[in-house]
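Two complexes come next, and they have one chain in common, chain A, joined by chain B in the first and chain C in the second.
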Partner chain A sequence: MPRHIHIVKVHHLTLSFPTRKDPNPKPVLDDVDFGIRDGEILGLIGNSGSGKTMTSLAIAGLLPESARITSGSIKFAGNDLLEMAPKERRAMLGRDIGMIFQEPSTALDPLMTCGKQLDEVLTAHKDKAGTPEERHKAIVEMLGTVGFTNAEEICGRYPHQLSGGQRQRVLIAGAALLKPRLLICDEPTSSLDTVTTVSILALLKDLCHKLHMTILFISHDLSAVRGFCDRVMVMKDGKIIDRDTASDILTNPRNSYTAELLTNSRLDTRILGLEPATVDYSRSPVLTAKDITAGYGRSLFERVKNKKQTDTNVLHNVSLEVFPNEILGLIGGSGSGKTTLIRSLLGLLPHSGTVNIKSSSIGAIFQDPVSCLNPAHTIRWHMSEALKASGRQLSSEPGSRAERRSRELARITAVLEECGLGAGYLSRRPNELSGGQRQRVAIAMCLIQEPALIIADEPFSSLDASSSAELLKLMTDINRERHTAFLLITHNIHIVRQIAPRLIVLHNGEICEEGPTREVLGNPKSESTARLLEAERSLHGL
Partner chain B sequence: MQSKAGYLIGKTVELILTLLVVSLLVFAAFSIIPGDTARVMLGPDASESQVELLRAEMGLDKPLATRYLTWLASLITFDPGKSYAYNVSVGELIAQRLPVTIGMSVIAMIMVIIISYPLAVLSARKPGRLGDQVCSVIGHVLFAIPPYVASLLLILLAGSIFSLLTVGNYVRPSDDFAGYIACLLLPSFAVALPKIAMSFKFLRSSIIEQKTADYVRTSKSHGLSDLKILIRHVLPNSNVSSITIISIILSDILGGSLIVEQVFNLPGLGRLLLSAISRRDFPLLSGIVFYLAFVTVLLYFISDIASSLADPRIRLK
Partner chain C sequence: MASAKRNKTYRSPEASAFYTAGLILLGIVVIAFIISLFWTPFAPDATDASSKLLAPCLRHPFGTDNFGRDVLSRVMSASKYTIFISIAGVAIALILGTAAGIPAGYYGGLADRGIMLLNNSIMCFPGILLALVAVAVFGASVTNVIWALGLVFAPTFARVCRVGTMEIKELDYITHARVMGVRPGRIMTLHIFPNLIPQLLPATVIGLANMTLFESGMSYLGLGVQPPDASFGKMLADAQAYIRVAPWLIIFPALMLVFYILGLYFISEGLRVSLSKGGK
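Here is the complex of A and B:
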């Protein structure tokens, strides 16, 4: 193919999802017009719903069947993609255009070994296939390129035997196997921890040079593209509203929306007004956990075979205290036992050791707001269920049933409003809400129980930067006004630095460092803290 | 890391324990039922000493634990005593009737698989299309018909109106295998009909679910054709969840054939079971109940092993 200045040229592309009821809906992509230069790394930034994923799917030809391109064209190396037959377009996938996606944990077929799945990339394109030995050699070579030292072994492994970062490397190997000219990366790092993110980005950059690839990098985190992308485009409501070189956009944003995104991703405490409550450490703690040791169940047979096997434990003698009004940060890389600890504290996992809670209830919010709410019921139902579960039901109070109901409704509305959701949300169902709004509902469900402590397990990881910033503000407001303590689990050091006065670092199921946040982060004593900090620094430059 | 052999041994131990519990329950059930077997056999006119003599002969005077252990040992050797009513060994009686029940179940299962599988794949290709909706509606109707009603309708349809297959006839497999299959076809179909609807609905929704999985998107981005993605990724994954359902369907079919045998007048286990109940033939009854339970438990065991073979996440924990 001849070389062009622009490898991809998207020309006034408009795309919508017409239905029978609404044949002319508001376009999802509105007159999108841009080019990707050969050899560059182009960042495409925007909040969820801004149309960045649809743009990439349109280029790849993987749009959902209900999508209609109403005008515009997409040219790849001079050829009009929209004029091509579906078969020709499919043949381009993998060979000319590679893609990697957001969630490496589900992006590989669980029933097939990694080697076989990579082999499919080669066999799907007959002209590049070759003999089985040649294919195997190519796969092993590529696995080596993406950083595996034990490539042969990885070939024979199933996806569940790999970590998230390893799976993403396998996926990158699959996408790069046929050395495509364009690699589309759709939020490839958003579900990975900071340390892994840094290594994946370094790998992508390296591949870009080695294989002369062009990369379209999609992300919601503006600060994460620093030092990675050459140029950045910002999308909002299906339109590209800002484009500039990466350094200019990050240091001197001209567009007000870009500036806002930047503030959100940097979590500037002064601009966002994050003011956590002051903590009095002389008061008795709301939660005391002593010598928590926990692990995951073994089968009956294993237990019979080996009674005193303790190496399945994920946590070893973890003790911690949370004081009233406090926001306690708990950080650690993936696999450090953060989630296991939370499950033990909540009593969801059998463990040895004691947990004392000085409160009638503790609330919990989790990572994935999608699966935490029941899709069949309205928000009002969720709230009144939470109220019932708290035992603070109003049924014992005097008054007629109608009066009690209206009092309950008033209470629910008040709590929802406090969480920034008006009365209009009462009758909505979870699928009518955005990720950030669902997470607010989860918090409201905790708040209505009036807990002294809310445990938040990675509540930001599935939200875009703007929603994260808003949620963080809500949490600090609750902390300040309601004196609710938080135990905040995250792999994002940056967030902890902004709002948590005290910090615990977990590594390999043990607490390796503990103390005031400023001291721990300012002068890290353990290697794992230092590694987390280093990754943070190289990612965000903070 | 758990080894393959370890998993198998663990499952086998589970199987044996389950069977022990099942045998205990069956034995307890028939020991608790009021009524003296010896008295029933000899009739109301027999003297007390005659009854005592028979009780001793049958071992009914021994303590419960001894009787249970003797019974258990006889089950393992496939010789759980003699039937009171037929005066023939229970093992022999069951072996005589087994070909009908097992044959019907196997034929019904094959029908379920060869009809529901292709229909589910076709239906799931474009969910919501006319063909898919027609299949779903027919499925709902079939699902609601109990096997004995379906049998009567089929007898009416095939026997009286079209006179395709002889109804109510039975040929031994040793005499004429083709004839044996032919006379089991209709009853098997009656058993299979609601199960076809059930497995169609289940397979269809599991294929639709798998089609939106992330790994399908990855395969698409690798340039695989839709057919290849269906065969290599979607179907194997939907099979993993279907194996459990299919084992449940199979045990349902076994129960269904016991009833349908009656309608088609086939000499299967169902009729033997009914006559054993009406004659209070406890050795025969407990034998049949235990061996039916045994087959069901065995089916679940096999489905566990099969799903562990199909799913590396179970196999290589």
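Here is the complex of A and C:
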């Protein structure tokens, strides 16, 4: 047996948040005891609230002020971290312990170029700094290491000019610049699509070897650790309940909770028995878009600063048709222009080309269940607002005001029930609903307008497997019973394969492949389709 | 579900302390105001040549001034103007500010630049000076003071609304409303405005306090509430000459002013604490 040197040793750590009212609350971390071996990638898996983030914050010394460590110790390379002075611990951050967070969109300062932010990292640790030229060279080199071919250009860009995956790469570059011995990754891929996820994981693994780093990888998704982590620990309610090598845990979970996590992490659409409506392609399409070219304008300042760059278009001459009853799948990697396309179709973005919509209204549901509903209003208000906006207002109908109101209520209740939400939800506000329920309300708001087409922009990406399955079922039911067409934007090929008879693949703002789903996925002609399929396979083992 | 409900009624001890202190201080002034509507010990402007500059006693608990007027009665009736002017002024400022700020934030571009240019040009003058000029031009009266202060305070609210709107309009529910075909006016009033209230509430309470300070300053300079009506600022100005012989003339109006303003500050602090915790 080779002797493993533990770089971090967490020894019977118990942590709680005492308050004046409750001085001895239930601990958030309960007797957590583990070691991270030098050079390994350790996965820490658990649902939200299981204590995995607190464990990582305790190691990094970034615990909230109200947290109290009641017993235990944390040793980093032999030194007891809890005994150290705050100043010493702060100096260790970045230099010895690096961290990457979940949300790449907020972890970068929007007012600083990427190069400047990376420079901040170096200057904060004076011992590793150098002349500005040396620092710049180190930054460009590191950006190259994390996979940017145009590192110089990236240095001069602002975070909003980068895609989510690119931002996460910049953050990884920032964390790796000081060559820390331990890199804590707190759900670094949960807001990224599959292709980017796979490439980020590959990058982390590569860095781990190149720079001899140790990685503590935190995730709620067991399948993300497949082929990435060496060992995996499963946490529940502040306790480590299972630990094993990654391959053993994934193939043969001994703990019932681990097994449950494993099944939940996979959305098995085959068991749902989804039956989308049959499509008659000879009928005239509900939506015809021709030669759509769109992009984001540059500010006056940028235009003066950089006169040469004129083409900021994200989409180039995209044409598509959606037929009645059809569920049309639209897939593409991050930065392929999916969101720009639907914003153009919805008329939210100025674009050239024509968009013809047959029906008067077109519904839309968006990715983020947190902000899809107005927190200031009840569900009933949302529904009646949708009804009013559709112009199908009942005020022109006969009857007294009270009668009209009760008719309106009946319609709202009927639609909500169709979406699996009872009348009890009418007076609730969005913060009292789960993510899946909010997405259902968003769909109900579309349905009450009776659109011929609903555009769904990655509605599943922030939902867990069971909520996704329910939402998916609802969408196919609507498609079958109401003959509503869907334009489904997703990065989950698995879902598309099950419910969308036709598929469009978008790459770099152009349609690179189009046709019946089975043909496109069975025999990918373009490189980007093949890459999407490959990512799906390696991440979910399907 | 359960936790969401509990959070609503949960109030941190820090916020509670602020609320209690604020409500007690504010309560003193508000109670004096309410009583003054029905009854004051003496008529606030009744002079009595036989009892000039009397020290606080049983008959005149706050003493009398140089005309023999009862200070308690005057303080009580002065609270009326303070409360009325601050509330009316803030209401005007709030209406003007939201009406300018939300469209500026929502439309952006030229509309935003125009509105903010106007806004900033008002803000770059010292507020009290602007209000003084306005009152000097249009004449000193309570109505003019209210309008002048309302105008001077409007930019603060416009800024709060503009920034809040710029954040909210990017959220999916506003995009969704636009896709549904809701008209911009309705989006701004029914979809965006209710979400600005958590930010506007502390600003409003602070606005009330600052408005009171401005009003007393103007009355002190003789451009606010006109004699014989009592106001705290005017009372302080009149009492200045007698500060050595009759300090009660200064102490009681000043105390009331402090109670009112401090009370409002405490409440706004309480709001800030509880809203920032609940907003997460």
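In this section, the second predicted complex is superposed on the first by the 291 of 542 C-alpha atoms of A that agree within 3 Å, B and C clash if a C-alpha of one lies under 4 Å from a C-alpha of the other, contacts with A are read in each partner's own complex, and residues count from 1 in each chain.
Convention: a contact is a pair of C-beta atoms (placed from the backbone, for glycine too) under 8 Å apart; a residue touches a chain by one contact, two chains touch by 3 or more.
Note that the structure is predicted; figures quoted are calculated from it, not measured.
Asker: Using the superposition on chain A, tell me whether chain B and chain C clash or fit.
Answerer: These partners clash in the superposed model.
Asker: So in the superposed three-chain picture, is A:P110 touching just chain B, just chain C, both, or none of them (first/second/both/neither)?
Answerer: First partner only, chain B.
Asker: Quick check on the superposed pair: does A:F101 touch chain B, chain C, both, or neither? Answer first, second, both or neither.
Answerer: first
Asker: Can A:S390 be said to touch chain B (first), chain C (second), both, or neither?
Answerer: A:S390: touches chain C, not chain B.
Asker: Give one of first, second, both or neither to describe whether A:A442 is in contact with chain B, with chain C, with both, or with none.
Answerer: second
Asker: Between chain B (first) and chain C (second), which does A:P324 come into contact with in this model arrangement: first, second, both, or neither?
Answerer: neither
Asker: Is A:A175 touching anything from chain B or chain C once the two structures are fitted on A? First, second, both or neither.
Answerer: first
Asker: Have a look at where A:G363 lands relative to chain B and chain C in the superposition and call it first, second, both or neither.
Answerer: second
Asker: Between 8-16, 44-52 or 116-124, which run of chain C pushes into chain B after the superposition?
Answerer: For chain C, the listed stretch overlapping chain B after superposition is 116-124.
Asker: For chain C, which residues are in contact with chain A within the complex?
Answerer: Listed in rising order, the residues of chain C that touch chain A are 1, 4-5, 13, 171-182, 190-191, 194-195, 197.
Asker: Write out the stretch or stretches of chain A touching chain C in their complex.
Answerer: Its residues touching chain C are 20, 346, 348, 361-368, 371-377, 385-386, 388-391, 431-432, 442, 445, 449.
Asker: For chain A, which residues are in contact with chain B within the complex?
Answerer: Residue list for chain A touching chain B: 60, 62, 90-95, 97-99, 101, 103, 106-112, 120-121, 124-125, 158, 160-161, 171, 174-175, 299-302, 305.
Asker: Along chain B, where are the residues that touch chain A in the complex?
Answerer: For chain B paired with chain A, touching residues are 2, 6-7, 9-10, 13-14, 213-215, 217-225, 228, 232-233, 236-237, 240, 310-313, 316.
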